[in-house]
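Please find one structure pasted underneath; my questions will follow.
Chain naming follows the written order as A, B, C and D, and within any one chain the residues start at number 1.
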Amino acid sequence: MIYQGKQKIWSDYQKEIPDDHWYFVRSCIRQNFFPASEKMFSVITKDVLGKDIYETPYHTTCGGIAYHSDTIPQETVMTIVARQFALMTEAGYENYACSCITSFGNYAEILETWHEFPELEAKIREMLWKSCRREFKKPKYLAHTSDLIYKFRHEIASKAKFHLVDHATGEPLRVVEHIGCHYAKMFPHKGVGGAEYPCVLSGMIDSWGGQVIDYPERRHCCGYGFRQYHVKANRGYSVSNTHKKFESMEPYHPDMIITNCPGCPYFLDRWQYVISEMEGKTYGQNGYGIPVFTYEEVAGMVLGFDPWDLGLQLHQVAVEPLLEKIGIPYNPKTKYLGLDGKDIMKPGLPSVLKCC
Amino acid sequence: MKDNIVIVGGGIAGMEAAHQLLLLGYKPILVEKSDHLGGHVADWHKLFPDMSPAKDAVKDLAEKIKEANIFLDTEVSFINRLKNGYNVMFSNGVNVICKAILLATGFDLFEASKKEEYGYGIYDQVMTNSDLEHWFNTGEDKRIKGKDIKKIGFVHCVGSRDIKAGNPQCSKVCCITAIKQAMEVKEFFPDAEVYCFYMDLRLFGKKYEDFYIKAQMESGVHFIRGRVSEVSENINGQVIVKTEDTLSGKPAKITLDLLVLMSGIVCNKQAVDTASLVQVKTDSDGFLKSKDNILNIIETDSKGVFLAGTVTGPKTVPETVAEARAAALAIHNYLVTLK
Amino acid sequence: MIDRFASGFAPFVIPFLIGMAFVMGYCIVGAIRLIFQLDHGDRKRFLLSLITPKTAWKNIKDIFLNCLIHVKLWKRNKLLGFMHSSIAFGWFMLILLGHIECILYMPHRVKLFYYPIFFNYFVAENETTLRGAIFFFLMDFFLLLVLTGITLAIIKRVRSRLFGMRRTTKPTLLDRVGLYSLWLIFPLRLLAESFTAHISGGSFLTIPMNMMFKAFLGEQMNMLPTWWAYSICLCVFMCVLPFTRYMHIPAEMLLIPFRNAGLTIKHARKGFAKAQVYSCPGCGVCIDACPMTVKKANIKDTTVYLNRNIRRGNEKRIEEISDKCLLCGKCTAVCQVGVDGPQMRIAQRSVRNYGLAPDYTGMDISTIKDAVAAEPSKDRVLYFSGCMTALTPAISRAMESVFHKAGVDYAFMDKDGGLCCGRPILMAGRFDQARQLIKKNREIIYASGASTLVLSCPICYKIFREQYKLEGIRVVHHTEYMLELVKAGRLTLDGAAGSLVYHDPCELGRGSGVYEPPRELLRQAGELVEATHNREMSICCGGSLGSLTLGFDKREDMTVNALKNLTEGDPATIVTACPLCKSTFAMYADRPVEDIAETVNRHSK
Amino acid sequence: MDFGFSISPSSTINLDKVDFTLYDRLCEIEPDAKKCMACGSCSATCTAGPWTGMSVRKVILGIQRGKESEAAKMLKGCMLCGKCTMVCPRGINTRHLILSLCRIYGEGEK
């Protein structure tokens, strides 16, 4: 691999990311899968970096899942999105940051469509007005929250308590980065680093001390694929794709996986358990899996937040071996205690995949 | 003292035109931006269909144009329109009044790195057709030298017939070049498996089809109909190529020790700038615009400005040479009518 | 006549006896083995035929005419005919007369069967009678006849072209031994008999020679060495015979009854096939006849070499030779002993072992059946154009138009594609597959309820006629059928087609014996010009499906050669009756090539 | 544990894993097999095709891609009429190629 070659391409795909005043919208599913992630985002941006990040409780789904599962027409999803923009306009913001990759792709697609077909935009404005008497300005900047973390990666690194290195050997950790399909595959110039070799996550990994590994199926989908998972008859297809990715990254012995999409970390994490049950195979060291993180979780770890406050106990694949490798202290006893100190109960152990 | 003629571009088109003009009794001025004559052909190793050495062809032409005024490492800085003539200023400070200008500025090879997904300049074992010719000529290439090459792939249509790459046109010569190179590498690595990934095989020229059959029968080249979608690298540094085997209607993948990208012919951007100095526009395909694409590809809408070779679109060597001769004659006739 | 020796024995007969015993033993054992190699049914049929007066008489007649008189050869080539019959018949007569003499004069010696052979040595003439003189004359006469035959044979050896043979086989070493001994036998016999002529008596040959010798050698001339030599020569010839081409002499005597018994080749190497192999005289007439041998190519792939290699058991060559052949049947047409080249080859092809066997039993053909299905009617016609016609649609279109003109109630069996007739796969020796296809096609044919099946492709025609066994359905080739229409007045030809040459397709002519109907049609359609070689001598177009291995490029010379033969009379149009011949000729012909259906259609009302 | 779904095998042709023994053997006895340019005239003209699914083009391709059982299935539908040989623009003796294939199939077992 010729690193300079990649850097050249990355430099071709840099997008302008304003460094403050963001209208932040959450994802529908991330809070259930990785509850602390979005919390971490606001904590890091607001408290740690002191940025102005605005949220509204009136924000709803962007309609992306329904749209990509072919259950609602384009006008509907556009009107929903128009409403989000209206909320932003009303709050007096023009930088739109969303935490969901599907939403990001959805917004990008819609803005591009409106750009190509202004008459459609007019129609949607009319529909929005008819439906909820709202008007909107199109966001000046559209970013995914990982774009912001990417932008602030160096500041985070400078505040870092830990680095993505094996504290015993000092060797950088081998990190797999997985980018959500809808981040840049539709509009390469909308993503940091383009579609083929995005650097939004690898940038973070580099600056936090890890070593990105480039494996053959790096570009491949995590396997979620909306209707592939939602329709149970297709789930075999969904898990097969995940399996393909793990088979491909296995020889590189990755220490961890970082993702920037709601679905990916969930499926890369949970399917490891399913694969271990089906094939009796695990991909981590001595019987464990490869821990999968959201970029916020990793940022949190690096900044020295308590692993259990980051919600890492909700991962299927045990994170303890990695925490030890990095040297992050944790208290096994408090793993399954909620914020209020109540026991949230220990899950049953899988038959193959080793957990703590 | 005969009328001055300026030939821009010292490739085979410019050289052949100069040669013909010398025979017609003119003393053309040939400017070449690089430090040597012969253009792209000079960098090539052997030429199809006779596999004759390219350098011989160039040497032969160079011999014939000794008499012409040749400026190497020289470019055209600007051109002023005069009454039936032009005032051409060269980068070396020379200033020429001429009656006719021949633009034989040739083509650029498509920048393979623009097709990111093919990983040129990113994966160690990916090279272009011209890199391979360079290796044929010099034997110097870290991608091949001292490597155990067992499987080699050729990707046709890299940057050709590709709207996304900005070149809808077919580069015309890549199919036969790929087959030529496939057979040549097979000579270097007799027990290597060679694969050609193609969309269509466009083997229109003299003896091209024979080449194809020879590649199948003697070199045992595997032809796989399907355009490569993406390339990735495995832990051993080999490249993994993904394509659709459209003949069986199934996706296919293969691990290769060397991948050769057949970079296509695209219009020479510098040529466009030079042409704009004499109000010669570009055609819809991005190449320079002739007066007429059927009966008069040589002349332009600007009086006294002529075109020859690949400035007007992809061409083979014999086509280019033939066009250069035609251009020389056209210039001669033009100058006669001026009197 | 009186005995010269009381014992009636002389040691020099021993070599003869050995030779005789050997060859007799060999042939009898061989014959029995071959008969036992026949499968049960064939053996029964064969033995029955031997005692059925009709076939028994036919056997005798055929053996006499072919083995002794060589009538077939006479028809082909007088000189060769005379050569063969003079030797065979002459020799036969010498033996016969020898025995008659013996019976008449020395009845008590008849049981010593060497006695008649060396009669002149053992007897002394004590009184000259007319009857004796006649016998002596006949003996000398037939001896002379044989000697002239031998002389011709010797000339033929050195100058075969004089006998109209361009190419012939190279005799093996043993062949030569046999040949030279055969040549020597009769001169020596003449010598021997001349030496004893003053004692045993003689006639116009032997007496004068005897006197001549006397004049040279005087009284005490020793006659024994010549008799020894004669006997030894006989011995040598008879001992090598089984291992030479001369084996065809006894073998043919078995082959003829086999054929007359109506046997067919059941096994690639045994029984009937073996009989054919040994009956091959290796004369090489088939070399000139074979269409593949133009420009001296493929000479060693002709039937004579197939037989030779089967005798030697050279499997590799056997496979090559049998796969290459076009199965045009010309070699059989010219063969004197009637070795069936194509059948022999198909038999060889049939014994290959394949890892994969096609199987069509699961095939659903209901659509075709439904398409042709109709109530049986006595004048309903089913037309099957065959695979190849799909590549020459002019033929099927012409046929349809002819049907319309004649107002025929017909169904087009494979208008939208049908099954293969099975002939090509049968030619490849895969009989089970052929049977399956036949079964499927029969279903379709019966579903059509037709009473007549018309075929425009001779390849199909042959198999439909020979293998399909369609009860109550008449199978006709379109040449025959169109002629019927013309004769019935349902079609009238205007005779304006100009000069036409007709090419006999192998499968239709030699294959199915249809020669006249197309010619009659063409005579009415225009002016018929005959090709130099026509009918059973017609030359294969080279496009035959018979050959498995001959590549497209290898066939051009054959086609061009066949065309040359057709165009020598400079006809305006080449007419054939086979889609394959048509498309093959069309590629290289310098004038229009069409199927007879097109000719008839264009020139009929 | 039964999830009600399972990992499905990939339909991708992995050219690294294709076993070329049969193809190489074929090329030994029928070198012209290499000449095929997959124009499909053989399959288009095939008499048997409509009834048995035979396709010479697919048979050759199948063997080049190591799909021997598929090829065998089609070969079993060939009626050997020889039309494919007549139309082949590259002059390949497809008819004999088919016979040769039928012979070399299962050679391995022996």
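Here are a few things to note about the model shown:
We take it that contacts are C-beta pairs under 8 Å (C-beta built on N, C-alpha and C of every residue); 3 or more make two chains touch, one makes a residue touch a chain.
Every value quoted in this text rests on a predicted model; they were computed, and no experiment measured them.
In terms of the stated touch criterion, the partners common to subunit A and subunit B are D, listed by label. Among the chains in view, D has its Cα centre nearest the centre of the complete protein Cα set. With centres computed as the average of Cα coordinates, no chain lies farther from subunit C than A. Rounded to whole angstrom, the centroid-to-centroid distance between subunit B and subunit D, based on C-alpha atoms, equals 39 Å.
Subunit A and subunit C have CA centres that are 88 Å apart. Separating the CA-averaged centres of subunit B and subunit C is a span of 68 Å. The set of subunit A residues touching two or more other chains is empty.
Within subunit D, contacts with two or more other chains are made by no residue at all. In subunit B, no residue touches two or more other chains.
Chain pairs that touch one another are A-B, A-D, B-D, C-D. Contact residues on subunit A toward subunit D in their complex (touch as defined above): 232-233, 235-237, 239-240, 243-244, 274-275, 277-279, 351. Residues of subunit B touching subunit A in their complex: 113, 116-117, 119-124, 230, 232-235, 237, 240. Contacts from subunit D toward subunit C in the complex involve residues 32, 45, 47-48, 50-52, 72, 75-83, 85-88, 91, 93, 95-96, 99, 101-107, 109. Residues of subunit B touching subunit D in their complex: 195, 201, 212-213, 216-217, 220, 222-225, 245, 247-248, 250-255.
Those residues of subunit D whose C-beta lies close enough to touch subunit B in the complex are 11-16, 27, 31, 34-35, 37-38, 57-58, 61-62, 64-65, 67, 90.
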